[in-house]
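This report concerns only the one structure given below.
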Amino acid sequence: MRLEPIPAPGPARTLGLPALAIAATVAVAALLAALAGANPLQTFGLIVKGAAGSRFAMLETLNRATPLIFTGLAVAVAFRAKLWNIGAEAQLYAGALVTVVIGTQLGLPGPLAIPLMALGAILAGALMLLGPVLLKTRLGVDEVVTTLLLNFIMALFISWLLEGPLKDPMGMGWPKSPALPRDARLPRIVEGLRLHWGFAMALICAAGVWLIQTRTTLGYEIRAVGQNPQAARFAGIPVGRVLVKTALLSGGLAALAGFSEVAGLKGNLTSDLSPGFGYTGIVVAMLALLHPLGVVVSALFVAGIFVGADSMSRAAEVPTYIADILLAAALLFMVLAILLTRFRLVRG
Amino acid sequence: MTEILDILISASFWAAVLRIASPLIFATMGELICERAGVLNLGIEGIMVIGAFAGWMTVYAGGGLWTGVAVAMLAGMAFGALHGLLTVPFGLSQHVVGLGITMLATSSAYYAYRLALPEVTNPPRIAPFQPLDIPGLSDLPWIGQALFSQTALTWAAFACVAVVTFVLFRTPLGLALRAAGENPHAVEAQGLSVGAIRMGAVIVGSGLMAVGGAFLTMSAFSSFFFEMVNGRGWICIALVVFGAWKPGKALLGALLFAGFDALQVRLQQTGMGQIVPYQVFLMIPYLLSILALVLMSRRAEVPAALMTPFNRGER
Amino acid sequence: MATQDPAQGDTVLRLSGITKRFGALTANDGISFALARGEVVALLGENGAGKTTLMNILFGHYTADEGSVEVFGQPLPPGQPGAALAAGVGMVHQHFTLADNMTVLENILLGTEPLWRPRLGRPAARRRVRALARDFGLAVRPDARVGTLSVGERQRVEILKALYRDARILILDEPTAVLTPQEAEALFLTLRKMVAQGLSVIFISHKLHEVMAIASRVLVLRHGRLVGETATATTTRHALATMMVGAEIAAPAAAKARPGNVLLRLEGVSTAPQGSRPGLRDVDLSLRAGQILGLAGVSGNGQGALADLLSGLETPVSGELRIAGKAPAAWSPREALAARIGRIPEDRHRTGTIADFSLTENAVLESYAHAPASRRGWMDWRAARRDAEAIIAKYDVRCPGPETRIRLLSGGNMQKLILGRVLEAAPRIILANQPVRGLDIGAVTYVQKQLIAARDGGAAVLLISEDLDEILTLSDVIRVISDGRLSLEFARGEKTPAELGQWMAGQGFDHAA
Amino acid sequence: ASTGFLPQRLFAQEPIPVAGIYTVPVEQQWVSRIHLAAEAAKADDQITYSFSENTANTDYPRVMREYAESGAKLIVGEIFGVEQEAREVVLDYPDTAFLMGSSFMPDPAYPNLAVFDNYIQDASYLSGIIAGAMTETGNIGMVGGFPIPEVNRLMHAFMAGVKEMKPDATFQVSFIGSWFDPPKAKETAFAMIENGADLLYAERFGVSDAAQEKGILAIGNVIDTQADYPETVVASALWHFEPTLQAALAKIAEGSFEADNYGLYSFMKEGGCSLAPLGTFEGKVPQDALDMVAEKEAAIRAGDFEVEIDDSEPTSS
């Protein structure tokens, strides 16, 4: 068995296969619903309704996509340089932590606090990834493992802060940080609904990353280092420095997810701020084939499937866990479909 | 300091180390097999969950304990087959597929559990594996408690390391498997099928991971809980690197990790436990893993073709 | 065309009507030929003519679209290297297929025993490998890690792999491209022993003198078609070259050099050894404008260290590097480029290009950081593309266009792009490290002409090569490197090849010292 | 499900649509009590009930809105992690009653948000008295998930109870940093047993298993697990959510639901908590302890005695 490239795939393939992936996901949904004794025919409608059936639903989808765009971009940037950053989760928390510290401890007025919080977050996330990258470039320590392990260390560190120095004195003992003052929060885009300016920031970042990757020397260097570090070094590209810059960019983007969740949505920091946005970011980035604008689309896809399926689980009264099953199934079907738009599997 | 010494010389501490290490050993061996063949299997966390569920459910539904282990293994192999299908012939990103499998396996286990036991509030229990009483040995003073009060599954975990070591380094199959992770072109040029070898490795490795999960519900404990795997799979990924892709060293890593875990549990009760926040103790194993990686980094030999898909007829 | 058939009972291999298409490209077009017992057939053709493809089909890596293969009268199932091996076909690939982190023995044993056998029979295998090595003159240590072996040793392992499986037909795809002349000689000795024992060999090479020396029959491929066949006894190198390219090739004619100032000088430079690779030992070297200095030597004697030093990848541990009389304050590839050193690396695939980058992106690899390719950190892709188009046109890089991924180019065309990239930067010093390795004669001639033209334009050229012929044709002055030391400078024609060979073997240094 | 706490059905009308939103699976002890009470009310046709478990805090406000939009009249759950956002949602759905586990006091600015928590320190205290009588070494091990108020206050009450019988008792306290890692809880409990504990306070699943294996005793918390560990679990402090739920339903039926602190309904005098029946340990607990339990219980119910509520993190002694 081997994959053979398809010279000029037609629209039937490029559009049909992704559609097929969605259809397959729907079929899985129907099957699971039937297993739970619900009406399998309703599931598709309920998913669509839950993800995009109303203004509320649509904005919720955008809302859930916001942190995924940030973490997806973070991963896309890093993976381009073959820097396997599995630690977006920790960088996200680093960003959230600094956001809260600056926002609640310095007593700055909002217009001053918000940019400072964002900058601080970026810096924190960047530093978070800098360590593993320096270990990689200086000592050759595998960054997959160091970034992965840092996620656990960060989670424990946050947990300690929230039960110790950063605990909200007004929180009745519950481990959470004090809340940001009203004026230090990102305004809502639509009054009364949760969508906030973090989403707009995410879109701007996607465009920015796209510009960096395609139009700047840094983007060129990052790609060169990722594809062939030996040739890059020979050509005079400072490989170590490029990796460090990549790390700063990637860590900073992941940290913005934390900033945006805290300043835009939650207002404070808890140890369960992120339901795995850092990990899902990897999936989002790969689904987008590491293209920064594709990240936006794939984040919306991932968020839509989750929000829709989650809502369907309630409407159809089937166990909540169906949402994660469908998200996973949709992802796997979709990456496969995207591959098969360009390749076919042949014998021999 | 003397407190730590006291802990270290107590037999029960060592018994705990072996217990805590057992699921890690199974899963680490599973991951090691996959990575030796060139496939990073990030599905490990979910595959452990499905193993924990399938094994337990089998026994709960009336099956025997060993049947449960077998079913857990089969369930893990099924998800391994899916992982292998997507990453080997299709060559999809091992990161995405792994995380996808983790998500899929975990949520499938939860969904199935909820469908099977909708009205549960007190999680039901099974009669788990009991410590084997080895006449003579189990009664030995210190050793008896430290080593010979373990369940059959713990023994199986250690046997598993021996078998994996033997197969990898002493048999034609192991040679082919290692070569697939070093240079798939070499394997193909010697007339073997890289695809079949990698598929086999991922499937068998996933089976072992699932047994690691089953250990949690069938030996370490007796019920199935959501989230009870609790990141152990990710630890195993680190342990494989820590062990420089060698079963013996990885075993050592698992024991070390379990040792720190057992130690931190005990240290929390000491004078130190009063001053140092418990999170710091929980962090120790992770911090030490990183430290160990740094110390060993120069010598680690990554399988050269790890994470590189192989497609016949492409250079 | 029909090829001459060996006598019936003697035929060990027969290819009939092999056609292979990659998309629109027909890599092999209805190729048929037969191979006799104890025969060495050479396969000739330009880069991209389809030689490797044909062998890959024969060995089962690829499946032919049309045609069939017969080995010892039995049809060979397509697409199964295992079947080819079992039928007695062995292949030494153009790019070695060895696992570096495993031992020689393990590489040889791989796949030779049933997978489910409970034990690897290592001791017996080790004995057998030793015996084969002795019989065929293939000295390797069975328990050495392949990663620590030299290229020549690795090739011996590849041959041993085939012999261990009792191969009766051996395919060698450009086996000598990476060998030193001495190693090539040793290989030929081995091949002759094999032929004497009745093995048949298909031998692919771009070096016509080798083909003349080892093969009895030559098949020529052009654009996927079999266009000629001849016995070596009745042909000449010149005739073969013409048959291959389909036109006459004029050898580069070098005018007399007019040496100028010293542009680069090494004074007592030593570098640290790296792993098994020796460093330089107290080397003095001057490169003059308008002169080609040829560095002869057996690979692994410090050429790598010298090349890395001039490339900016390494710094001396003692001694001094002076460019136009001044010692640079810092030294890195960037500084080397700024000092206008043009560098043609030894390995175009791994060091010279980025496989999945387009030609445009590869063309600006060394110049992206400043105008016109970029301004204040912003790339100007239009300017970069213009650069690439200029190189493609001027250096005759055959490709579908500047946006093609360079991976899809043949080695010769890849090398032309590198050459263009280097020469268009108007370098004052040119480091050419094995610039024609693996190229067909057309490409070889082209590259060499360009180097001479650069010299005539006033550049100082350091040519590193293991091919003494190449050194002798191109160099104005020659030095020999051995064990990290440099010989004195010899003028063109001052030493005979045999004398140079003695220097390469390390003799003469002791007298000089 | 027990119906003993359900008062007479006050009204024969349409079942009230109720939704539960939980951030953990319904097996989690705390949530399981809410879930049980709701299931019981549903079985009684008093309510219709649907629920969403394992909802991430990020998704919590959305799920609240979805249930509110779909016509739920009462939404029960826990907003410890989303206090601020949840309050915004509440304002948008004035016709829906929200009864939420929260660490804040009720606020008239959010008239349809009432709060509750498992204030079962009364029962914990009583279980401590029994523990104090049953421990021989006076060395008691306590394994918790996280040191949050819900856990802390019960531990403190329990310790206070123990001290009534054994003033010089010592306590080993550990938090495992997870709600769901029974193997880890079990290992921690083993370590405490090695360290001399002869009785364990089983805040987490896994602790009673260790006690059972080592043949020592355990005291349960929030739920009754004696059936599973008949030789091990002496007594348990049970939480009953039914009074809380019923009070809310009654208010809704009357149309007088308002910002209120329903935490009081978890107190013993409201029937919100109790000491589980001794069951298999009937006759094995010293009489003086039983006497004291009876005395204190009477005092608590009569309002003469209040168990102190201490939310600070307990430490080993």
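The first chain written gets the first letter, and so on, giving A, B, C and D; residue counts start at 1 in each chain.
Keep this in mind: a residue touches a chain if its C-beta (ideal position, glycine included) is under 8 Å from a C-beta of that chain, and two chains touch if they have at least 3 such contacts.
Labels paired with UniProt names: A, B = Nucleoside ABC transporter membrane protein; C = Nucleoside ABC transporter ATP-binding protein.
Only a predicted model underlies this, so the values are computations on that prediction, with no experimental measurement involved.
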| item | value |
| --- | --- |
| Farthest-lying chain, centroid of Cα atoms versus that of chain B | C |
| Rounded Å distance between chain A and chain B, as computed from the means of their C-alpha atoms | 28 |
| Distance from chain D to chain A - Cα centre to Cα centre, in angstrom | 36 |
| Approximate Å spacing (C-alpha centroids) for the pair chain C, chain D | 76 |
| Chain B-chain C separation of Cα centroids, rounded to whole Å | 46 |
| Two or more partner chains touched - positions in chain B | 110, 279, 282, 312-313 |
| For chain A, residues contacting two or more additional chains | 156, 159, 163, 319, 321, 348 |
| Per-residue multi-chain contacts in chain C, two or more chains | none |
| Every chain pair in contact, whichever chains are involved | A-B, A-C, A-D, B-C, B-D |
| Sites on chain C touched by chain A in the complex | 23-24, 63, 78-79, 311-313, 332-334, 336-337, 343, 345, 350-357, 361, 365-366, 368-369, 374, 377-379, 381 |
| Chain B-facing residues of chain D, complex | 24-27, 32, 35-36, 39, 54, 172, 174-175, 177-184, 186-188, 190-192, 194-195, 205-206, 209, 223, 225, 227-228, 315-316 |
| Sites on chain C touched by chain B in the complex | 56, 59, 61-62, 80-86, 91, 93, 95, 97-102, 106-107, 109-120, 161 |
| Contact set on chain B toward chain C in their complex | 170-173, 175-176, 178-179, 182-183, 185-193, 301, 303-304, 312-313, 315 |
| Residue numbers on chain B that touch chain A, as the complex places them | 40, 82, 86, 89-93, 95-97, 99-101, 103-104, 106-108, 110-111, 114-115, 195, 231, 234, 237-238, 241-242, 277, 279-280, 282-283, 286-287, 289-290, 293-294, 297-298, 300, 302, 311-314 |
